[in-house]
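Labels run A, B, C and D following the written order; every chain starts at residue 1.
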Amino acid sequence: MNARANFLAILAAVAVLAVLPSSLSTYSVYVLCSWMVFSIAAMGLNLTLGFAGQVSLAQAAFMGIGAYTTALMTMAGIPWPLAMIAAAVECFLIGLVLGYPALRVQHHFLAFVTLAFNALVFLVLRNEEWLTGGTYGVVGIPRPSVLGFSTNQQTGFYYVVFGFFLVLSAVLYGILRSPWGRAFQALRENPIRANSLGVDIRRMTLLAFAIGSAYGGIAGGLLGQLVQFIDPNSFTLTISLKVLLMVIVGGAGYFFGPYLGALLVILMPEFLRFTEGYYLMLYALLVIVLMISCPKGLLGIVDRIKLSIKLRQNPSATAWEQGK
Amino acid sequence: MNRRYFLALTAGAAFAMVAAAPFAATAADPIKIANVIELSGAGATVGTNWRDGLTLAFEEINAAGGLLGQSVEVLNYDTQTDAPTSRAMVQKAIDDGAYVILGPIYSGTVKVNMLVAQQNGVPQLTGAEAPFITGMGNPYIFRTSFGAQQSMPKLAKYLSEKAGTKTVAVAWSNDDFGKGGRDSFVAEMEKHGIQVVADISSEVGQADFAADVVKLKGSGAEAIFVYLHEEESARLLKEIRKQDVKQAIFGETTLMNQKVIDLAGDAVNGVRGHVGLTADAPVPGIEDFVKKFEAKYKYKPDHNAIKAYTGAYAVKFVTNKIGKADRQAFADALHNLTITPAEEPGILMETSWDDKGEINRESFLVEVVDGKQKVIETLPKL
Amino acid sequence: MTEFIQLLISGLATGSIYALAAIGFTLLWQASQTINFAQGEFVMLPAFFVLAGMHFLGLGFGPAILLALVASLLILGLTFKRVIIDPLLPHGVLPVVIATIALGILMKESVKQFYSAEAQPFPALFSERTITVLGAVVSVQDIAVLLISLSAVGLLQFFLTGTKTGRCMQATAQNPAVAEILGVNVKRMILYTFLINAALALLASVLISPIYLAKFNNGETLGLIAFIAAIVGGFNQIRGAIAGGLLIGVIDNLAAAYVSAQYRSAIPLILLIIIILIRPQGLLGKAEGRTV
Amino acid sequence: MNPVLSVKGVSKHFGGLKAVDDVTFEVRRGEILGLIGPNGSGKSTLFNCILGQLPASGGKVEVDGRDVAGLRPCDLNLLGVGRTFQMLQVFPEMTVLENIILAGQEHKGTMFSRLFGKPDAGLTDEAKRMIEFFRLTHQTNEKAGSLSYGQQKLLDAAMAFMAGPKLVLLDEPAGGVNLTMLAHLKERLKAFNEERGATFVVIEHNMEFVMSLCTRIIVLANGRIIAEGEPEAVRNDPQVIEAYLGG
């Protein structure tokens, strides 16, 4: 097949990303960094929502938990790799707990529970001033130094984020290719049948939440280091909805959906800036139009094109596919 | 499958081109002033006021020949009232070659983006009022209005000396605006030996203030200090009147704002407090400004519009003074500088900056009478 | 005790407004499984139709409300259904969620851009005169809002159970396939639901704006609270939305007074989680048929 | 030798209604047992009680001599009980191969080896053989949802067999399948039974299908067993005829 072409395309993309910062302004590098950070958060949500079918509106809460954990730990002098691991593990465990409601309720009810969880996390971050600095947030979060190199310059930090981005992408790809990935997908498509085939749907549901949340936690940790400031407002429900938007717009359940979605959500305001005050209106309009014309996200369009080619070659393809 | 990657790759390439676009700037550009401000999100209202005040000022400045014979281009950047975005926007403003940055207003966002401006040596005139802004030794940050640590002592002095208050209840908005004001106020109360007997926070956007007022009423405090945003102030005052609360009510700038008076009507009457900048100040320059502003934008400006307007004129004055659009020289010149309306009418009131970028002007003690701010006393510069 | 009654009565008055917004959620959910994340903005917008009618067209308050009703029905009812919901419903809940979130942003930004970013005073329908009940101070306005909300729901309930069209709408809500077979014009019934939602949004807007003031971002807080109220009361029952709205209004006040002002908004959220886990259909709701 | 499945006095009451009333039977290794009865006779409820989808009101179900009360469907499957559902149950967005591998993977290795081991859990060859056995080779890399109804039925059955179960419970395998496909399905089931010694319990409406497939038949009516025996004997049992015609 064209596995080789795929591989080459990915390699080329990685190479472009690796050399890009040297020819970009500081601001553009910053934007690239936030694209990768939000891609990581969206990848996690894509696992929970897109592949395993569990609606979660709490990804920003996990970003917040991860961000505060890494910030407070590194500022207390704990080495940053330990702090990042702690953030990931913590979010994994809290994600397990948040997964429990998913065993009882599904779909919209699950969305409501996770939404409430996000709002509660915001309140705790804001009110527990002794720990989190409250409304004022935490300023002066140190950027990691890697092998003795400081990453205070934007480009240096870019490569830290880029490293996480690559490794976490590869890990997610590995998970999705493994039997776990198949079980997640089965969970989304038909949990009852999956259960009757020996898939422990309870365990897989919890894991889907936990892994997705751990990605959120790592993204949060990186975001804190990128901005060097965190406050509760950076982790509100609005941000969760933004991550959700990335996943859906890109194409939930497609491996590359979150990358594309995050790119679009972060860059669209950039493209529309020339319209001054109207840019958010146009942005909202574009999202509505995109949803109406392509409810399965941008990568859903690709599938549709493939199907129409197939239909032309073989008009007897079933109604089920056309109806998608 | 291949198509999917191709799409991602194309998007990546398109992105790279867009991101590289800022480099295309040419040398013959006008002087660029960056307005990094809250145009959406929670701060949209104050940010819009600020932007309109700033736009008005630079239109006037351009009409009068610009800066050093060059025209001024104001670039607007929306922080979305979000710290990460505000940092990105300040960075973009700097990449775009901004000479001076004005804004933003929300202290939390300023906390992070002022570091970026500092690293790049770009002067920043902020609308933020939280005390820490000028306490971090940043030589590029300048206020356009009082920090809370300056205005609260004036109010505290009035409370303890003129009003003879012994106990006070505080109602504040639980965000960085309200918290900053509340913290400064409570610290001042301690200094003056006034006891804070109730400390009540409320949410932004809160609809029902019955519980807050019940607690204020039951606190037994002689006076109530209110530090909320405009709409919440109006709602609280209405509820206070409804529940027939007898205690005297005090505020700082926002509470006596014309907007609050428009919204809450009679409920504001009798409220007293300290006002740093107000559209109702009995100062000829401000009266003229308000007229111009209302004619152009069809609404009454608040103090944020005045902050931006005077900030813009400070940029004009200093630039003309140093005779070049140089960031470092600008920052150096604005420290320990006093501008008078005689020298620069657009500054509206005599204004000084100290060596930390803190501002100093006259301010007012006002009382709302019959739906109008009435100045009880003009407080001299410190 | 007086304090408690004060909190209770104020909470009920505010809660009745939450309830009006919450009913819209339940109506749309029943009729078409739509979760409208722009519901808060639906309540925010009609006030600006009224204000625009008064200030740009020079209409009186009454005619402006009529104009706003027409505009609401057309935009929030018909257009919303035809343009956004109809094409998206076959694709499940999430695209609808995303599209309505975007719609909320669009409505908010449009008001900010084309009307004003400032909060606007709104003419009161009722006097703000106060009376004292059991030692608690209540304004005539509060009582009127409570009564109007309750009677609106009463009327709606009567319409749904007492008229042919209403029963057809209920049949549609319960089982569209069967209703279709019984000769009900299902599409029209769903349209009616959207129109009723739009009219209720107008009512809520006109009742709430004198107290809450008209502002472009009012929908953010209101939408979330209405949402919680609808779930707590019962997502598929109109009565449930009323009960949920009143309950949240009261709980919010009591929590602020007796638990913690800082965590006042946490109490409804915790209640929401507990209710979903123990009784997902809500306090007054009926269990939905499981797909299992 | 233990029976593969033994149902002892199982009852299921819904309020006052006795949907299943004290049913006892055994399934012997290698047989194809048919479970028939008119609509509402309690077949599906009994099935669900056996499989742990519904908690029984009384009685006991043993698989290979082991009490399976309280086991979740996935545990039961791991014990070697496969099943199909009345309604079609495939994973439409996954390919045929993926569907089959999924059906086998949980029986291989541990939770962690399934994460870190081979992506296909080493099942591709076996899965391909299973696909070939059910004559779906041409569709191996098609999405399951794009298969015809009959092909999906075959796939459904193939998934139930993939893990090499001791016992497979088939819920109306013939429902909605056209005649050609039906013959094919029957032939495959029989072949599987003969070649691998698999044991089946089949619930079915289609008499012709049951009679020609099963070696023994149990008839339910009103929640009770009214007849049991070889197809011919059951067909001529007056009580059965009464139940079907008189009901």
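In the analysis below, contacts are C-beta pairs under 8 Å (C-beta built on N, C-alpha and C of every residue); 3 or more make two chains touch, one makes a residue touch a chain.
Since the structure is predicted, the reported quantities are computational estimates derived from the model, not experimental observations.
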item	value
Most central chain, Cα average position	A
Centre distance in Å when subunit B and subunit D are each reduced to the mean of their C-alpha atoms	72
Chain centre separation (subunit A, subunit B; CA means) in Å	35
CA centroid of subunit A to CA centroid of subunit C, Å	32
Between subunit A and subunit D, centroid-to-centroid distance (C-alpha), Å	41
Junction residues of subunit A - those touching two or more other chains	126, 192, 277, 280
Residue numbers of subunit B (touch at least two other chains)	40, 42, 174
Pairs of chains found to touch, sorted by chain label	A-B, A-C, A-D, B-C
Subunit D-touching residues of subunit A, taken from the complex the two chains share	175, 177-180, 182-183, 185-186, 189-190, 192-203, 253, 317-318, 320-321
Of all residues in subunit C, those that touch subunit A in their complex	35, 83-84, 87-88, 91-95, 97-99, 101-103, 105-106, 109-110, 113, 224, 227-228, 231, 235, 262-263, 265-266, 269-270, 272-273, 276-277, 280, 292
Subunit A contact footprint on subunit B (complex, rising order)	1-9, 11-13, 15-16, 18-20, 22-23, 39-40, 42, 76, 78, 81-84, 87-88, 91-92, 94-95, 107-108, 111-112, 115, 130, 132, 174-176, 179-180
Contact set on subunit B toward subunit C in their complex	40, 42, 44-45, 47-49, 174, 200-208, 210-212, 214-215, 218, 230-231, 234-235, 238-239, 242-244, 259, 262-263, 265, 299
Residues of subunit D defined as touching subunit A within the complex	51, 72-74, 77-78, 82-83, 85, 89-94, 98, 101-103, 105-108, 111, 114-117, 119-121, 143, 145-148, 159-160, 163
